[in-house]
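One chain, chain A, links the two complexes that follow: it is found with chain B in the first and with chain C in the second.
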Partner chain A sequence: MTAVETTDAAVPVRTSSPAPRRAVAGGARRRRGSAFDRLLPYLLLAPAVIGILWLIGFPVVSVVVTSFRKLDLGELVRGEVKWVGLDNYTKVLSDPRFWEITVRTVVFTAVVVATSVVVGLVIALLMRQLSTPIRILLQVCMLLAWAMPIIASTTVYQWIFDQQYGILNKILVKLGFDYAGHSWFSTGTATLSVIGLLIVWQAIPFLAFSLYAGVIGVPADLYEAAGIDGATAWQTFRAVTWPELKPLLMMVTFLSLLWDFKVFTQIWVFKEGGPSGGSTTLPVLQYLEGISQSHFGVAAAVSVLMVVILTLLTVSYLRKLLQTQEGKL
Partner chain B sequence: MNAKKVSANVVAVFIAAFFAFPTYWMVTTALKPKKDLLSSDFDLIPSSVTNSNFVTAWTKPGFLQSLGNSLLVSLSAVVAALVIGLLAALALSRMRFRGRKGFVMLMLVAQMAPFEALLIPMFLMMRDLGLYQQLSSLILIYFAVTLPFCAWTLRGFVNGIPIELEEAAMVDGCGRWGAFRRVTLPLLGPGLVATSVFAFITAWNEFLFAKVMVRAEDKETLPVWLSGFQSAFGTDWGGAMAASALFTVPVLVFFLIVQRKMVTGVTAGAVKG
Partner chain C sequence: MKGWRGLAVGAAALAVTVAGCGTSPSGTTAAESSGPKTLTVWLMDGSAPTTLTDALNKEFQDSNKDVTVKYEVQKWGGIQEKLTTALTSDTPPDVIELGNTQTPKFASEGTLLDLTGDAANLNGSEWLGGLKDSLTWENKQFGLPFYASNRTVLYRTDLFEAAGITAAPTSNDEWLAAIEKLKTANASNPDFQALYLPGQSWYTLLSFIWDQGGDVAKKDGDKFVGSLDSAQAKAGVDFYKKLVDASGTKAPKDTDEAKPQQMEVFGTGNVAMMIGLPWELGGAVKANPDLEKKTSAFPIPSKTAGKAAPVFLGGSNLAIPAGSKNVDLAKSYLKLLSSKKYQDQLGAAGTVPGTSKDTASLASNPVGKALAASSANGKVTPATPKWAAVEAGQNPLKDMLTAYLTGAKSLDQATGDANTALTALLGG
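So, the complex of A and B:
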């Protein structure tokens, strides 16, 4: 999970006033407390930092180290350490299936992110035009989608898209289309389309809500000025809404990339990456190699490559984000 | 202008229906008697209603057990992450010390870590620790997933509370701990609730690690149990929908309490560029 900044950015960071506090503590206690005072922040941070280094830092190092080892079930049981250099990477990278899966994952992520961000933006802009009861209705309905646990929504979608008794096929038949007994999961692309719809459906509410918060934050006099200048709706959007919304839009796109690239649950529960591997993405490949087939070294190489690809996709924004956050401190 | 407003509202109603439909369908399917489910009749509106699917789901072997496991794992992880994250947040927000900047960046970077990519080392690590097949492995992992988020988010909430309030309490004779307990902690309440709910939902939803780390049936969490529901019970869609609905309710209640607070929260630091 990720949040980048949580309270209003306008709230000043109040870290620069330890002086009055010490003054309050008073003369005699000051000297006694000062060593403790100096240690206190580190004591407070210690559990969190130890937790992070142990449970995140160590696995990060370990995944890289493991990717240079041959580690199958045999080696694991015997506790044997067998270094194979770049063999795992050569094996993965020379497999045409890996490239097929990588392209599929990137395309899938791009389509899902682009669709959900664009539709989310459109809904955010639409919400401004609505009468209050309709807007609340829309918000409540989006909240229902957002709040549904992933496994629950995946199960519901499977039922809706069920070949025999699914309501979607029934509706299509009712509308006069020949969809009786139509299977929505006959190919990998078809399966991924349904999964993509599910992910987009569940991703839009967050995007629409946050972009709507941005839309209503645009100063009203900017719109008035545009109106006085006789701007068309499109011109107003380009000249007023877009520049105000762009930082927020980039932020939610970045978060969506992080979230959608590593989707596993929905893909696995629908068809376990099938039919015949047609909906397998990188996280599924990692699971199949590592957990199903116990090729831990190869799977670790896949994990490392996954992170490399995700970093490449987000690097320009990531750099900017880290710089800005560092500047704020 | 008026016609434009009307059409916007009409479009919005259709969009609302699109978002609400799966929930509607989940609930109505759960309420339908079994014989109505596996029929080719067009049944958008249920003709008769029963609670038998809920009874089926509730009494299915494993449901209560996995519900208990899910609650245990999620709550333990979130409480630990919240307490430890709050301590870190107080240090990062209220104190000045060498290396502060580095620690703040550590929290920021840690919460962007793609956990799914750490599946293999986590699995190996839990195995080495003897925690494979133990629910405690999941507690540790969910703690790690939610800790940086809690620390980072709570730091933001603490930043929002003026330090002058604490100082005033100290002038009035409170110690540092007293000032924190009587002034900062109550003001932090809503932030703590919002943070813990989001962390809880993350743990409540988690599937991949729950599937990999514990394979024994009596240690399954609810998502894993629910994913196996269909293979085990074939076409019992009524039962599956009732179980899904029961799984959704706690999250929905929490969500309604805090969503307004968090929507602006998660993205407020957007980068100009």
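So, the complex of A and C:
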């Protein structure tokens, strides 16, 4: 921890020293120079900003607007605009199932994110200790797992866990357990556990690689110093690795949160949110309302509520991100 | 300042990428008035035999110069979602096939072209009644009947003979007795299944519920409400469980007949019976040609001896999306398809033709005979646009069956929960 603070502190000290002050003054004069010079950065940014607003901003606004409309198949085809105020929100929020599904989604996301980040971190740390050939083997395996299309790996998992022909049940029977014809999808929780396992498996390569990049970025002399001071492995991790890795870890956790919260494909392909709606999460609800029942306005309201919930979940991280100038991460 | 420069370079790079996306060739430009045209036709998996469609498309292309028929076969799974997207797009297909239970939803929302005025041109006087009702909305016709079909019990004549069953079962008790005989005769085959019945074959369940005198929903004013909690409906669900238990089917209890395709399981040769549509037997025979001479069909038995249970009259309609760019071509395509020549081919393929009352070609084989015998007693699901949502989303009937068959819920609880969910879907 102290190591980080010293390097951080060194930077401002240098910039505020008298010698560079002249340079700063000179720079300011240049900036005051011509209007074109001042506008240039903004002009260069403009195409990207316009592009992003067009691609991302427009759909967002469109979803929010749709959530205040009654938009069923008929209205969509006829191009009718019917404003219903907050009706869609009232309908969604007054349904007890919505709250049940929200809690389920939040718990599911939390468990999946925590598991995948912890396992990813452990593998990243492990890779540091491995000999090169073994590490490359591990990396190739993870890369292959990562490159596998979502539907393909979901299908493979469905086969593994199949009630009659699944290899898992067959192995368990061979090992002497009574798992012949055992259904892994008899309850919503059981179904979500299997899906969670799949999502963790799919997420680990990205997390492990990102965190490994962070791990090898930690200066070796810090570990040397810790070794000389006689630190144990755990103390080294706490005092050297953790502080260096923390910003990166926070970022990948944040990203995982975003990705895992809106997972739809795997859940739908597995059991379409069943049995009896037991593995229905918010994205599945959105699909059921929108595509299955053609209540696109209600589905849009669910989307907006999802964004609100996600913002609440990530508010502390977002606040930190906004406070950090110059992108400390 | 260095930061600015870095950011600016990044921004410029991103802008180029974004612009690249924008300027990529933007697909097809619809040929409207003149020049070569493409007629996009979507028919469903298992509907019309390829011999029929090949001949039809060839004849149509020969008589319409510069027209190419883009014929695509769609899968039933997820078709409603696909149609919803396609019908609201700018370039929908020109001819589509719709399941009869799905048609009211699309007809009532104005996504289909009104064909009332063209009915006379499309053999309107010979349309099949049950299907005509399904495509009529507010006294207008939004399509034409394609074909109808219903489920029968498809069985292996050789295994029946070997088990000493001389006549096809004509009551539920005889059916269960036949299952016992088949099991005894094939006790040495560990993979044998007297009846393949997956847990969520809900069209089959409809037969049992109707046979007991119940129904899934009843009309209450201008709305439908669920009636799965009636004693008759419960008796139907209970008989389903009885069949599953008695047959010792290895089929999963939490999927329907399409996962895995039951015809593929039947094709392995270890299954004596399945409840399915004629095309499914065709699929099994295709996978295992030996079965052709060893298979036949009988109507789903009733609780009353000598009668056939009511069956769900499944079928398809043909329609032209309201947004089609080739309406006239689509109409002449449908006119050709509704002609007797092609309707007879539908009958020969084992389905009840939609625009021809002449079903002589149908009764030419045993499956067709069983089909004709039970289709007289055909029924349909509640005629409401809301029904489509029941099938497209999380079908309460399927959840009910799985919950009861796996023992997760009692009969009362399973039917009660499903009834609540069904009423909500039909009301919402």
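The rule is simple: the second predicted complex is superposed on the first by the 259 of 329 C-alpha atoms of A that agree within 3 Å, B and C clash if a C-alpha of one lies under 4 Å from a C-alpha of the other, contacts with A are read in each partner's own complex, and residues count from 1 in each chain.
Heads up, the rule we're going with is that contacts are C-beta pairs under 8 Å (C-beta built on N, C-alpha and C of every residue); 3 or more make two chains touch, one makes a residue touch a chain.
Note that the structure is a prediction, hence the values are computed from the model and not measured.
Of the two partner chains placed by superposition, chain B and chain C are both touched by A:L55.
Once the two complexes are overlaid on the shared chain, A:I291 sits against chain B and chain C alike. In the superposed model, A:L73 makes contact with chain C only, not with chain B.
Of the two partner chains placed around the shared chain by superposition, chain C is the only one that A:K271 touches, whereas chain B remains out of contact. In the superposed model, A:P41 makes contact with both chain B and chain C.
Within the superposed three-chain model, A:W184 lies out of touch with both chain B and chain C [touch as defined at top]. Of the two partner chains placed around the shared chain by superposition, chain B is the only one that A:V252 touches, whereas chain C remains out of contact. Comparing chain C and chain B on the residues of chain A they touch gives the larger count to B.
Under the contact criterion defined above, the residues of chain A that touch both chain B in one complex and chain C in the other are 40-41, 44-45, 47-49, 51-52, 55, 76, 162, 164, 291, 326. Across the complex, chain A meets chain C through its residues 27, 40-41, 44-45, 47-49, 51-52, 55, 72-74, 76-78, 162-164, 183, 185-187, 271-277, 280, 288, 291-295, 326. Residues 1-9, 11-18, 20-21, 24-25, 38, 40-42, 44-45, 47-49, 51-52, 55-56, 58-60, 62-63, 66, 76, 123, 126-127, 129-131, 134-135, 137-138, 140-160, 162, 164-165, 167, 170-171, 174, 201, 204-206, 209-210, 213, 246-248, 250-252, 255, 258, 261-262, 264-265, 268-269, 283, 286-287, 290-291, 296, 299-300, 303-304, 306-307, 310, 317-318, 320-322, 324-326, 329 of chain A are the ones touching chain B in the complex.
Here chain C touches chain A in the complex through residues 1, 3-4, 7-8, 10-12, 14-15, 18-19, 22, 80-81, 84, 87-88, 105-106, 108-111, 250, 252-254, 322, 389, 392-394, 398-399, 402-403, 406, 408, 417, 425, 428, going by the rule given at the top.
Within the complex formed with chain A, the residues of chain B that make contact are 4-5, 8-9, 11-13, 15-20, 22-23, 25-26, 29, 37-40, 42-44, 84-85, 87-88, 90-97, 100-101, 103-125, 127, 140-141, 143-149, 151-153, 155-157, 159-160, 162-163, 166-167, 170-171, 176, 191, 198-199, 201-202, 204-205, 207-208, 212, 222-223, 226-227, 229-230, 235, 237, 240-241, 244-245, 247-248, 251-252, 255-256, 259, 263-273.
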